[in-house]
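In what comes next, subunit A is part of two complexes: it sits with subunit B in the first one and with subunit C in the second one.
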Partner chain A sequence: MQQINILLASLPDGILLGFVYGLAAMGLTLIWGVMNVINLSHGPIIALGMFGTFFLFTRLNLNPYAGLIPVAIMGLLLGVLIYVIAVHRVINAPHLSSLLATFSVNMIIIGLGTAVLTTSPYNVDFSAGSFKLGSATLLGTRLIAALVAMLFTGGLYLFLYRTRPGKFIRAVANNRSAAELMGVPSTRILALSFGLGTMLAAVSGALIATFFPFNILSGGSYELKSFVIGVLGGLGNPIGALFGGLILGMIEGIIPAFLEQSWVPVIEFGLFVLILLVRPSGLFGAKK
Partner chain B sequence: MKLWNRYSGLILPVLVVAALAVWPVITGKPANRESAFTILKAVALASSLNILLGYTGYVSFGHIVFYGFGGYVGIFLLTEKGWSLWTAILAGGAASGILAFLLGSAILRLRGAYFALATIGVNEAMRAFINNFELFGGPTGITLNFSVYRDFGGAAHALQTSFYIGAGLALLALLLSYIVRTSKFGLGLLAIRENEDAAEVMGVVAPRAKTWAYVLSAIIPGMVGVLFFFKNGNVEPHDAFPLHASIELLVMVMLGGQGTVLGPILGAFAYQGMRGYLVTSPIFKDIQLSVSGALLLMIVLFIPAGAIGWLRHRVPPLRRVLA
Partner chain C sequence: MKRSLFSIFTVLVLMGLILSACGPGATEAPAPVEPAAPAATEAPVEEQPAATEAPAMVEKTVVIGFTSSLTGSQEVSSKRQVNGLNLWMQQVNDAGGIKLSDGTVVKFAAQTYDDESNKERVQELYTRLITEDNADFLISPYSSGLTAAASIIAEQNGKIMITAGAAEDDAYKTGNTSLFQLYTPGSLYLISTVDMLKTLDPEAKVAIVHENDKFSTAVVEGLKPYLESHGFETVLEEGYASDTADFGPVINKIVESGATVLLGGGHYPDGSTFARQLYERKAGLKFVSLLVAPADSKFPELGDAALGVATSSQWELVATHTPEEAAVLGKEWYGPTGEDFAAAYEAMTGDKPTYHVAGGYTAGLVLQKAIEDADSIDPEKVKAALEAMDIFTFYGGIKFDTSPEAHGLQVSHQMVVAQWQKNDAGELVRQVIWPADVATADPLYPIPAPQ
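And now, the complex of A and B:
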C-alpha cells in the first residue's frame, strides 16, 4: 500500500519530467538522424540554456517562459556557429573525428563556463503554483514545462513535414548526395539541422532551470539521459525521442517505489546497453 | 644489422619510457617522480587503448571502465582477502580481461557510433552498480589499511616501489602494443579497421580477433588501476570510472597518432605535459580546459592522423623508425 502511495506521488512527476528529457533527446537524435554525428557538446548547451533563463530572469526580470524565445534563438545561432567551425570539416570523416570535434567544443564551453560562472549552484527562484491530482501534488512549473515540450515537438513535426526547409532536412537525412543533385543546398541545411538540435537542447535546459538548481556541469547528466532516450526511441527518430523520454521519466517515477533511488542509473544504463544489443534501431525504429 | 632492422620500431618507444623511469631517480625529487608516474600511467593506458582504437578501429568511449573495475577487484582482494600487491595486480588484470571478454562477445557486434555509445553506457552502468554494491563499499568505496604499506618498509618506500612497477607496466604495455602491431594477428586487426567485411572474406575471423583485441587492451588498464589505487590509498566509484578520463585517453592516442606504437606514448607525454603547464600557468589556469579543447579541435580538424601519422606520411624514410 505504501508503495502505491509513493508510486502515485512520483509517477506523474516522472512523466512530466519525461517530456522535458524527451525534448533534450530530440535535439541529439535530430542531429544524429541528419548527419550521423553524435553531438558530445549537447550537455554544455543544455547548461547554457539554463543560464540563459537565469540571466534573463534575474537581470531583465523576464518571465522564464517569455525568455524561452531569446534562449531558443541563441541556441539556434550557437548551433550554426558550432557546425561551421567544428563539424563541417569532419562531417565525412570517421566517427572518431566528429565525436572528438564536438567533445572539444564541450571542453571549450565547460572551461570558459567554469572560469566565468564557477561551479557553485544557481537557482531560478520562480514558482507557478501547484495543482492537486488525486493524492499527488504537481508543480506548476513542471506541468507548463511538459506542455511547452509538447508544443515544441508539435512545432518540429510541422516544420519537418509541412515546410520547405523541413522537407529539405528530411531529404538530406535520407540521402545527402541525391538531395544535392536535386538542388538542395546541403551545407546550409546541415547547419540549420545542427542549429535546430542545439536549439532544442537549449530550450530543454531553460525549462529544467525552472525546477532544479544547476551549474555549468549539470548538462552532463541530461546528455547521458539523452543518449539513453535516443536509443530507446531509435536514433534519428525525433518523435520517437519524446516517447523514449516518457519511458525514462516513468522508470524514474516507478523505481523509487521499489528500490533505492541510487539504483535508477544502474537500470537506465543497463537498459540502454541491452537495447543497443537487442534492437539497435530502438523501440520505435530509427530514422523516419 | 638484421636485428637492428627488425626491431628498429621498438627503439624510440623503449627509450622514451626508460628516460621517464630514470629521470626522477637522477634528479631525486619526489615531485618529479609523481609527474613521471602520471605520464607513465597515461602511456600504459593510451598504448592499451590503441590496440582497440588504433589497430582495430573501434572507438571505445568508456575504456576507463577496465581501469576502475580491475582496480576495485585488486584493492578488494588486497584489503579484504589479504592478497599481496603482486597477486592483486595480476588478479586485477585478469578480472578486467574476463570482463572485456564477456562484454566484447556482446557489444563488439555493434559498429561505429553505436559501439561508442554502448561503451559509454557500460561505463556509466558499472559506475552506478559499484555505487550500490555493498561488497565493494558502495558510494564510499574501499580505503586501504595503512598496514599494507608495512611490507614495503613504510609508505614512502611503497610509493617508490609503485613507481617502478608503474614503469614496468608502461614498458609491458608498449611491448604488447609492438608485438600485436607486428604479428599476423595484428595484421588481421588492421584489415578489420580498413574494411571489416573484406577482412572476413580474406579469412580473418573478425568476431574472435576483435574480442581478443578488446581483451588485450583491457588487461593492462586493470593492472594499472590496482597499482594506482594502491598508491592512492583508497578507491571510490567517482575516481574509478571518470568518463572524461576515457576521453582524455582518446585525445592522447589521437594527438600522437592512432595505429602507431610510438604515437600514443608521445601523445600521453605531450598531453600530460601540456596539462601540467596549463594548470600551473598564471594566464591559462582558469581556462585550461578551454585551451586544451581548442588545441584538440585544431588537431582533429587539421592533422587527423596525429603527429606520428603526419610525420610518417610526410617523411617516408622515417617510417622504419616510427612504427
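And now, the complex of A and C:
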C-alpha cells in the first residue's frame, strides 16, 4: 500500500518532467531526421539555455517564462551559426566527420563555459508555488514547463505541416536531392533545421533551470536521456520523441517506488539496449 | 545506412556514459595550476653568508604537492580547502619560514594541478607530483573518494600525505602508514547530531537518505548502529546517485515513511538541490541535517529553503577552539587563534572561512608543527613527529591513531552541529546548536513549515 501511495505521488511528477525530456529529445531527433547528423553539442546547448534563463532572471529580472523568447531566438541563431561553421562542410561526408565536428563544438562550449562560468552550481531562485493532488505535490514550475513543452510541440507540428519552410524541411528530410531538383534551397533549410533543433534544446534547458540547479556540464545527462528517448520514440520522429520523453519520465516516477533511486539509470539504459535489440525503429516508428 | 547509424549511435551512448562517469577532459595534458601563495624562492637551495658562531643559514624550499578540483562536482569545497592551504603557506613564508637548529630555513612552494574531480586523473597527477615534480610532502585532494585514489599512490611511494577534506575511515584501516587524517572520521560524523536529537526528541523517526559515495556511505555505516543503540527508529534508508537532480520520488518516499527527521546528503551539488526540493515540496520534517552542503557559505543562496537546515561541521568560527580550552584539556596549543585566522582569510579572499578552509589551513599547520618537532625535513623524522603529535589548534584537537589497525586515523578532533537560522535582521546565519557548552543558539526544532 505504501508503495502504491509513493507511486501515485511520484508518477504525476515523472510525467510532467517527461514533457521537458521530450522537448529536449525533439531537438536532437529533428536534426538527426533531417540531415542524419548526431548533434553531440546538444548537451552543452541545453546547459546554455539554462544559463540564458539564469542571467535573464538575475541580471534583468525577467520572468523565466518571458525569458524563453530571447532564449529560443538565441538558440535558433546559435544553431544556424554552428551549422554554417561546423556542420555544413561535412554534411555529405561520412558520419564520423559530422560526429567529430559536433563533438568539437561540444568541447569548445564546455571549455569556454568552464573557464567563464566555472562548474559551481547555479540556481534560479524562482518558485511558481505548489499544490496537492491527492498524495502528490505538484510544483507550479513543472506544470508550466509541461504546458510550454506541449505548446512547442504543437507549434513544431504546425510549422512542419502547415508552413512552406516546414514542408521544405520535410521534403529535405525525405529526399534531399529530389527537394533540390524541385527548387528547395536545401542549405538554408538544413541550417534552419539545425537552428530549430538547438532552439528546442535551449528552451528545454531554460525550463529545467526553473526546477534544478545546474552548471555548464549539466546538459550531458539530458543529452544521454535524449538518446534513449530518440530510440524509444523512433529515430528522426520529433513527435515520437515527446512520447518517448513521457515514457522515460514515467519510468523515473515508477522505479523509485519499488527500488532505490540509483537503479533508475540502470533500468533506463537497459531499456535503451532492449529497444535497440527488439525494435530498432523505436516504439513509434523511425523516419521513413 | 540505417544499420550503420544505429551502430554509431549505440557506441556513442556507451562512450557518453563512460565519459560522463570519468568527468570532462580526461585526455588533456595536465597543466600546472599557479598557486595563490607567492613562491618562496626561485632556487631550491640558496647559500646565505655564514655568521661567525651560529650555524650557516641554508634556505630550503619544500615542495608541497596536491591536486585541487577546479572543475567538476567537488569544485566548491575543494577551492575553499586550497584557499586555506595557500593562506597558511603565504603566512609561513612571509614570516621567514621554519628555522631548524642546523641553520636550515624551510620555506614552502606549492605544486598543484586541476584534478577535475576525477579519480583517474587524481592518480595520474599524484604520480606526476611524486615522480616528476619531486614533491616532498603531499596534501590530499578534497573528498574521500579522490583521497582514496591519491592515497594508494602516496602509500606506494612512501610519501607522507596529510588528508584534509577526507573523512571516510577505510583508507586508514588497510595497513597504510603514510596517511594522517585531520577530519573527524566519517563513522563519527553524525554522532553529535544523534546526541542532540536524544535530548530534543527521543521519539523522532529517522529517514537516512544519502549520496552513494565512499564518504556518505561511511557516515551512514557509523550512524545506523548509533541510532539503534539510542533507541531511534529508522523508517527509511535510501541511497542516491551523485548526479541526482530530481529528488521528488525520494521525498515522496520520505513523506510516506512517516519520518520526522532526515539525516543524510552527500556533497555540495546534491545537498543544495535536495534542500531546495525538500522546501518546495513542503516535506513537513521537523529536522533536516545534510552533510557538507549547508556548511558552505554559498548555501544561503537557496533563500528560505536554507532555513533550519543543519549540518555536522568540523569547525565553526563562532565556536572556534581557544588556548584556554587547550589549557583545560592539558594539551599544547599551536598556531593562530580562530579570529586571527578568519581575519587573515577575509583579508585575502573577502569571504568568511568555512570548515573546508580551516581544514586546508590546518593541514599546512600540522605539517609545519611536525617539521618543527622533528627539527628536520627528513620524511621519516617528520612521520615520527606526526605519530607523536597531540596538540590543540583553533580547528580543534589533532592526534593520530598509531595502531597498525587504523594508522593515521584522527582520534582527537570533535565536531559540532550547525544550523542555518535567521538573526534579528532577518539574515540567514549559521549558528552552532550542539554541543550545548559551545552552542551559540538553541536548536530550531521543529524547523518552520514553508509558507
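Simple rule for what comes next: the second predicted complex is superposed on the first by the 287 of 288 C-alpha atoms of A that agree within 3 Å, B and C clash if a C-alpha of one lies under 4 Å from a C-alpha of the other, contacts with A are read in each partner's own complex, and residues count from 1 in each chain.
The working rule: a contact is a pair of C-beta atoms (placed from the backbone, for glycine too) under 8 Å apart; a residue touches a chain by one contact, two chains touch by 3 or more.
Predicted model, so just to flag it, every value in this text is computed and none were measured.
Novice: Regarding the shared-chain residue A:L190, is it in contact with subunit B (first), subunit C (second), both, or neither?
Specialist: neither
Novice: I'd like to know which partner A:G253 touches here: subunit B for first, subunit C for second, both or neither.
Specialist: Only subunit C; A:G253 stays clear of subunit B.
Novice: Using the touch definition from the top, say if A:L112 reaches subunit B (first), subunit C (second), both or neither.
Specialist: A:L112 sits against subunit B, while subunit C stays out of touch.
Novice: What is the contact status of A:L99 with respect to subunit B (first) and subunit C (second): first, second, both, or neither?
Specialist: In the superposed model, A:L99 contacts both subunit B and subunit C.
Novice: Examine A:A202 and indicate which partner it touches, taking first as subunit B and second as subunit C; both and neither are also allowed.
Specialist: Neither partner.
Novice: Taking the superposition as given, does A:D125 touch the first partner, subunit B, the second, subunit C, both, or neither?
Specialist: second
Novice: Quick one: classify A:N36 as touching subunit B (first), subunit C (second), both or neither.
Specialist: In the superposition, A:N36 touches subunit B and subunit C alike.
Novice: Check whether A:L277 is in contact with subunit B, with subunit C, with both or with neither, and answer first, second, both or neither.
Specialist: first
Novice: Have a look and say if subunit B or subunit C is in touch with more residues of subunit A.
Specialist: So, of the two partners, C touches more residues of subunit A.
Novice: Give one of first, second, both or neither to describe whether A:Q261 is in contact with subunit B, with subunit C, with both, or with none.
Specialist: So A:Q261 only meets subunit C here.
Novice: Common interface residues of subunit A with subunit B and subunit C?
Specialist: 36, 38, 95-96, 99, 110-111, 114, 224, 227-228, 231, 235, 260, 262, 264-265, 269, 272-273, 276, 280
Novice: Any idea which subunit B residues touch subunit A in the complex?
Specialist: Where subunit B meets subunit A, its residues are 53, 57, 59, 61, 106-107, 109-110, 112-114, 116-118, 120-122, 124-125, 127-129, 131-132, 139, 247, 250-251, 254, 258, 286-294, 296-297, 300-301, 304.
Novice: What residues of subunit A sit close enough to touch subunit C in their complex?
Specialist: Checking each residue of subunit A against subunit C gives 2, 5-6, 9-10, 13-14, 17, 36, 38, 40, 95-96, 99, 110-111, 114, 118-121, 123, 125, 127, 130, 135-137, 139, 212-213, 215, 217-218, 220-221, 223-224, 227-228, 230-231, 235, 252-253, 255-257, 260-262, 264-265, 269, 272-273, 276, 280, 286.
Novice: Touching subunit B in the complex: which residues of subunit A?
Specialist: 32, 36, 38, 85-86, 89-90, 93-97, 99-101, 103-112, 114-115, 224, 227-228, 231, 235, 260, 262-266, 268-270, 272-273, 276-277, 280
Novice: Would you mind writing out the residues of subunit C in touch with subunit A in their complex?
Specialist: Residues of subunit C touching subunit A: 1-2, 4-6, 8-10, 12-13, 16-17, 20, 24-25, 70-73, 75-76, 212, 238-241, 243-246, 248-250, 252-253, 255-257, 268-269, 272-273, 276, 280-282, 298, 301-303.
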